[in-house]
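Below you'll find a set of structures to go through.
Next, two complexes with chain A in common: one pairs it with chain B, the other with chain C.
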Partner chain A sequence: MKLYHFFASFGLATVVLVFLLLITFLGTLEQVEHGLFDSVRKYFDSYLITSVDLACCLRAMHVSYQGNWNLPVLIPGGMTLMAILTLNMILGGLIRIRKTGRTFGVIVTHGSIVFMLVAGLVSFLFKKEGAVRLAEGQVADEFQSFHDVVIEIERLEPVSKDGKRVALVIPGRQFQDLIGGKARTFESKDLPFDLMVMNYEVNSAPKKAAGSSTSREVADGYFLQTLKEELEQERNADGAYVKVTPKKGGEAQKGILWRFAAAPFSVKVGDEVYGISLTRKTYKLPFSVRLDDFQREVHPGTERARKFTSVITKITGEKEEKKIITMNEPLRDEGYALFQSAFDVGERGGAMVESSTLQVVNNPSDHWPLYAMLATMAGMLGHMIAQLVRFLRKPASRTSKAFQPEASSSASTTNPATP
Partner chain B sequence: MIVRSFLSLFLAAVVPATALVAQDAAPAAPVPAPAEKVQPPAPPQMPDLATVLDPEVISLLAGLPAQESGRIKPLDTIARFRLLRFSGRQSIPVTEDAKSSGKALTDPVTGKELLNAKGKPYGLSATEWLALTWFRPDIAKDLRVFIVDNSDAIIEIGVKAKNKRDRYSYNELVSGRSSLMKKMQEIREVDSKNRNPVQRALGKLAMDFLDYEMIMGHFDFARDPFGGLAASVPADILAAGESGKVSAAVLVPKIQAYLQAHPEAAAPMNNPWLREYFRAVLGALMSGNSETVLRIFPPDDNKVEIWYGPGSVLQTAIEGGTAKADELKLLAEYENIYRNRMDVAKFKTSLESFHNHVVRSAAERGESGHIAMELKYHQKDYFYYALILFVAGTIALALSWVAPEALWGKIVRVLCWLVMLAGAAYGTMGIVVRCLIMERPPITTLYETILFITISSVLLGLLMEAVGRRAKGLGLAVACLAGMSGLFLSLRFMEMDGADTLQELQAVLITNFWLSTHVPCINLGYAAGMVAAIFSMIYFVMRLFGIAKHKDETSKDISRMAYAFVMAGLFLSLVGTVLGGIWANYSWGRFWGWDPKENGALMIVLMNLIILHARLGGYIREVGFHASNIVLGMIVAFSWFGTNQLGVGLHAYGFTDGVWTWLYRFWALQSAFLVYAVILHFLDKSSDKREEGAALPTEMVKGS
Partner chain C sequence: MNKSRLDAGVGASLRNKRMNRFFSMTKVTGREPGRSVQKSNRPGLTGVGVCLGLSAGLMLSSCKPLTERMEIKESRQISEHAIMPKAEATSAERFFDTQPPPPPPAENPLAWITPEGWAEAPAGSGGGMRLIDLRFGPNQEGECYLSIMPGQAGGLAANVNRWRTQMGLTPYTDAELAALPKKTFVGRDATFVAFDGDFKGVGAESAATGYRMLGLVQEAPEFTLFVKLTGPKDLVVKNEAAFDQFASSISLKR
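Let's look at the complex of A and B:
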């Protein structure tokens, strides 16, 4: 019971909110030097925060402070706080609260905020998000995640009979911790070899190894040079070393996987050829998309964008439909939403070709925040209006009572001499 | 189009470089301004100042449609913001000390003092200043147009400094020109975030100086396009003795043909006469920035989106394109205005016919803009007069406090009400006119948030006073404080920014539905938070002077009103923030991205929630509540201005130098309130104890 009272209390609500305020502030400031992705991971997608880069926070606020100042702390992370807050709201704002006409609006508000947080959790867990880049004329039926790193192993030869491509995938969380000489071996009954992954690099560039240096890992005469991490996580070029050891014996082969490699690292084991690549997780779309035309408008005489538009064709089997995707007007179909995200102009065969990048989102809780907000608005407005009505209805007795002493006190101040 | 803008960018890069090259070639000589480069036979004739400033002439120039930064606007707007950027003001007196009461400047041609019809020195509007600079560059050189915030910058370039913050004329600075250009090159190497105040001042001065040279040399293409080197121009282009007599519209195709036939002559740096022509082109462009070059020739072809301008037509000669007939025709008409400068009647008719031509063509293209409305908007200067009214209201309110219950106090209070209402109405009108000009909802830039939040705060304060029976002038006080400080801030902000405040929007923002829901909602949330904080500031001030006492009726009234605003602020900022998320979700597929501006809004919501729950839980009482409101105000200021200054995220739409300084000043003031709050807290605690001990003999209490 004591525990229940604790979790339902105003005190807990206040403390959790103060912590949320604090981490929001720090998580905003750290973005200046650590980038959005890392700050979000450290402050908001986390359970515990163990350090604060105070030097960065000071510099973000234009205090000229050179040097490092990493303050060790122990603050609950965004996930923990939001979980406690949700619990607190359910226990205090929905269960323990007195249920009368007066509190109806407040209960609705609490309920809809809980719903909004749940929507956030659902989207955090189940949302598929990525992008597809299309040159004019190109067709695609899949999109790539922004952040989810995977290693894909695909049999290239012999090609399977039904023409379908099948790839084995190692999710990033199983090898992204392999930094600084660590290694792990993966095996599968479908593969004729064991794959050892080592020395994962978050941002790197392949370089030709000069001389016979033994201090670093070298494969095929190349090594991965570690680069400083980019502020925008999407721009990092990660890489790793792999060693392929055939199960039936034979010489192990070493190779480099790099995100922007032109072709997968290919190994021959027996009669089969496998391609191994470090890439972003790929999702299938329930339909294909062809970019017919990309149009870019700017405000005349400036570089300021006025409108970006992709004219596309949605292809489902034999059926073709013309669609337009432009800023603020995505294509929503079959649970997927395609947004105009970016564009670039490149040369292909001597001609300038425009490419359009479409952001693809599949989110089960897509519309939930809207419902939650409408309910919140109704709840809060209801509460406020009810208060106002009560205030206006009661005034006769209340205000006159309240008014009396005030009137007398003001009389006494203006005429202090009156006996 | 791409090629064209690329070349303009190239030109933009070359502006300072050409100036430098020209300077380095003859470092000892003071740099001759383009106008002065004309060599004998005769210097160009200068029109009488009264002709240039003739009201009809000025009205035609002011209302001339121009395309700048992607928008059709009157030339007057361009002139205003140029002058504002140079001098920090939108008007300028023709006097020696830059004060309207000062001694009038002397006309270099006649040697007489420059006085208007009333016998007083001229006070120039922005368009008048532009006309003077175009047609009388000799006088323009003595106008003190350049504001320098830090006199150390002046000392750095070897010129005699005046006050710490002062205005300088072109002639005062010209001796330091070469060192100014060298400094600019150095400063360019420094990242703009790391520049010190002197470097910032020098960087700005160098840019302004070059732009001013271009404006003064605007009609050089008609005066003498080859800057005194006419003799060395090939006869294919210009026959002997024709200098200054041939129209530029005739020269352009000839230069073009010549350069195509003689590619070796096409490098401006190696070919002196072409370099001079290039200089004249820059003057005609009037800006080194491709977005702000002067574009006043609407193309006949509707498919051409970018308007031509005198500079762009002259530029075609060097670029190797072919100037179109409509471009050349307009150039000839435009040049004609200059050629007729010595004859008042002809001057006016040629200007009028050019003006009418441009207006007609613009209308045919469906690009008339809202020229008349915009001219009026600037003339009326809504926010300046609203500020004056708010100041008057504040004075009236202060006077009413002298004797609140006397007849005199009541009259002054009514006066305060009237003045504040008038100010709010004036400010609202300004905001509405801005919406009408741009045909979009009220808030799209940081500057517009200041206007909107200020006027809303004033209206909220007045509303509180009108409906709250216990307001007792506190609502008025809030309205006065918010109106005065907010509009003062808006003026300072506009001056610091020095750019047209009516800006075209980036593509992602062009959705009127969200711009008219999410944005005002969030901003009203800011306003409510600020008003709550102002109430709390008033509370602390009243406690300090003993006007309000611990737990007395006045204190309770202030708390109640402030609480109402915290509640309203919670509703508005919560709904506004979620609306923003929904906009983001429907427009680019993500509800929440932890972007700084989003986080700022979230911090306001959280602080409102903290205040609400802490109060309900009894953790904060009177002083604690007001102290929390002060923190709320600090958070609002951070979200409002600070988050944009971080330079990261989607909402980084208003980066302005010097904002941090203001933010820290505000925080320092608020921190002082917080310190006082802590002291008050302990004082109140001990007085509560004393009350509890009131039953005890007084000696004992005193002794404790």
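Let's look at the complex of A and C:
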């Protein structure tokens, strides 16, 4: 019972909100040097925060400090705080609260806040986000994640008789820890070889070994040079070394995987050629998109963009629909939202071709925060109007007492989150 | 490297087996470091044994990834719209480390008919300004080329007199220059010259005696065209008709 009272208490809610304020403050400061992705991961996608880069925080507040000051701490992370806050809201704001007509608005408000927290959890667990780049005339029905890394293995030769292409996928969580000499071997009954992955680099560039003195491992005349991590995580060019060992014996082949490589690392085992690539996770779209035309409008006399527009055709089976995606006007269909993100002009087959990059988001709880906000607003508004009506109905003599100290007892009955 | 560390660790552990057995006969029971300790002859793990055990454990755990195996469980069907990657690309191709292909040689904007018995000079044998470079004669000692210079290129007088100097002749006066004959060349009038003398070309150490030079200079508003033929006098005389035929055949490609 004590535990129930503790988790339903207003004091706990206050402490959690103070911690949320603190981690929001620290996370905002740290993202200046550590980048948004890493800061969000450290402060909000975590259960426990074990250190704070105080030097970075000071510099972010324009305090001149050039040293390193990593303070070891134990602060609950965003996930822990959100979980406690949800529990607190359910126990204190929905179960323990006195359920009368007077408290209806407050209950609705608490319920909608819980719903908003659940929406955040659903988004965290199931949201897919990435981008698809299309040249004019090109069709695509899949998009690549911004952050999730995978290694894909595909048999390139001979191609399958039915023309279907299948790739074996190793998720990033299974090899991103392989830094500083660590290695792990991956195997599959569908592969004639074992694949050892080693020395994963978050940001790197392949360099020719000839003419440069390096102590790093060299594969086919190249080595991976470690680069400083970019603030924007999606700009990092990760890489890794791999070693392919044929199951039936034979010479092992070493190679380098690099995210921006023009082609996969090819290995020949028997009569088969396999391509191994380090890439971003690919998601399937429930429909195809063809870019018919990309239109770019600039402000007169300048190169400043005024409007980017992608004229696309949405293809579902035999059905084709013309759609327009432009800045602030995404295409929302079948649970997916496609936003105009970027464009570029490149050469293909000797001709200049315009390309458009569309950001793709699939979030089951896409509109839940909006509904939660509307419900919160309605609950609070209802509660305030009810309070106002009650206040106005009271006789004048008692109304004046409403501002006296004993009025606090009335407030306590209408503020059920204050046990 | 990790494997060798593993081997070293296991080896060290085995080598120290007897030592461990010896130390295991004594047990450190003191609680305060640096103070007197009691010793017991009961068998059990000693501090050294614990340390060695922990070290071996740490080494084993640090070496774990090398021996760790994992089955690939995920797969996906690749879209029919996805571009098939190039199989067996070289590392240089994969890492954009290839030299760009040399640009194709610039197409000659001129068209002409090479006279019979004449031939194009080997590449690089003439200057970079030569759009057409031909040789003739039994030993290819006759030379005829067309060059182009931007603007007036010093003017007609300077160029004709430079050629005369090469032939060991005195410069023309203005009146002599004005009296030079004209021939139609690429649709316009061009000044024609013919000199006999001892030819000393650019960079030559000595003059070649008994030579003859034919030349055409056409001054256009934006450039000046030169056609120059040199060779032993007898050979040049025999090829004067071929020179006229060559000059009249030159035209701009459409």
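Simple rule for what comes next: the second predicted complex is superposed on the first by the 379 of 419 C-alpha atoms of A that agree within 3 Å, B and C clash if a C-alpha of one lies under 4 Å from a C-alpha of the other, contacts with A are read in each partner's own complex, and residues count from 1 in each chain.
As a working rule, a contact is a pair of C-beta atoms (placed from the backbone, for glycine too) under 8 Å apart; a residue touches a chain by one contact, two chains touch by 3 or more.
Keep in mind the model is a prediction, meaning the values are calculated, not measured.
In the superposition on chain A, contact is made by A:Ala262 with chain C only, not with chain B.
In the superposed model, A:Thr28 makes contact with chain B only, not with chain C.
Of the two partner chains placed by superposition, A:Gly379 touches none, neither chain B nor chain C.
Once chain A of one complex is fitted onto chain A of the other, the partner contacts of A:Gly130 are absent, as it touches neither chain B nor chain C.
When both complexes are overlaid on chain A, the residue A:Ser188 reaches chain C alone and has no touch with chain B. When the two complexes are overlaid on their common chain A, residue A:Gly172 makes contact with neither chain B nor chain C. According to the touch criterion, chain A has no shared surface contacted by chain B in one complex and chain C in the other. Interface residues of chain A, counted against chain C in their complex, comprise 138-142, 152-154, 156-157, 163-171, 174, 178, 181-188, 191, 194, 206, 208, 219-222, 255-256, 258, 261-266, 268, 273, 275, 277, 282, 284, 288.
Within the complex, the chain B residues that touch chain A are 5, 67-71, 290-291, 293, 295, 305-307, 405, 469-470, 504, 506-508, 510-511, 553, 567, 570-571, 574-575, 578-579, 581-582, 585-596, 599-600, 602-603, 606-607, 609-610, 613-614, 616-619, 642-643, 645-649, 660.
Those residues of chain A that touch chain B in the shared complex are 9-11, 13-14, 17-18, 20-21, 24-25, 27-29, 31-32, 36, 39-40, 44, 60-62, 116, 119-120, 123, 129, 231, 298-308, 327-328, 330, 337, 339, 341, 359-361, 363, 366, 369-370, 372-373, 376-377, 380-381, 384, 399, 406, 409, 414. The residues of chain C lying in touch with chain A in their complex are 1-2, 65-66, 68-72, 74-82, 84-91, 93-97.
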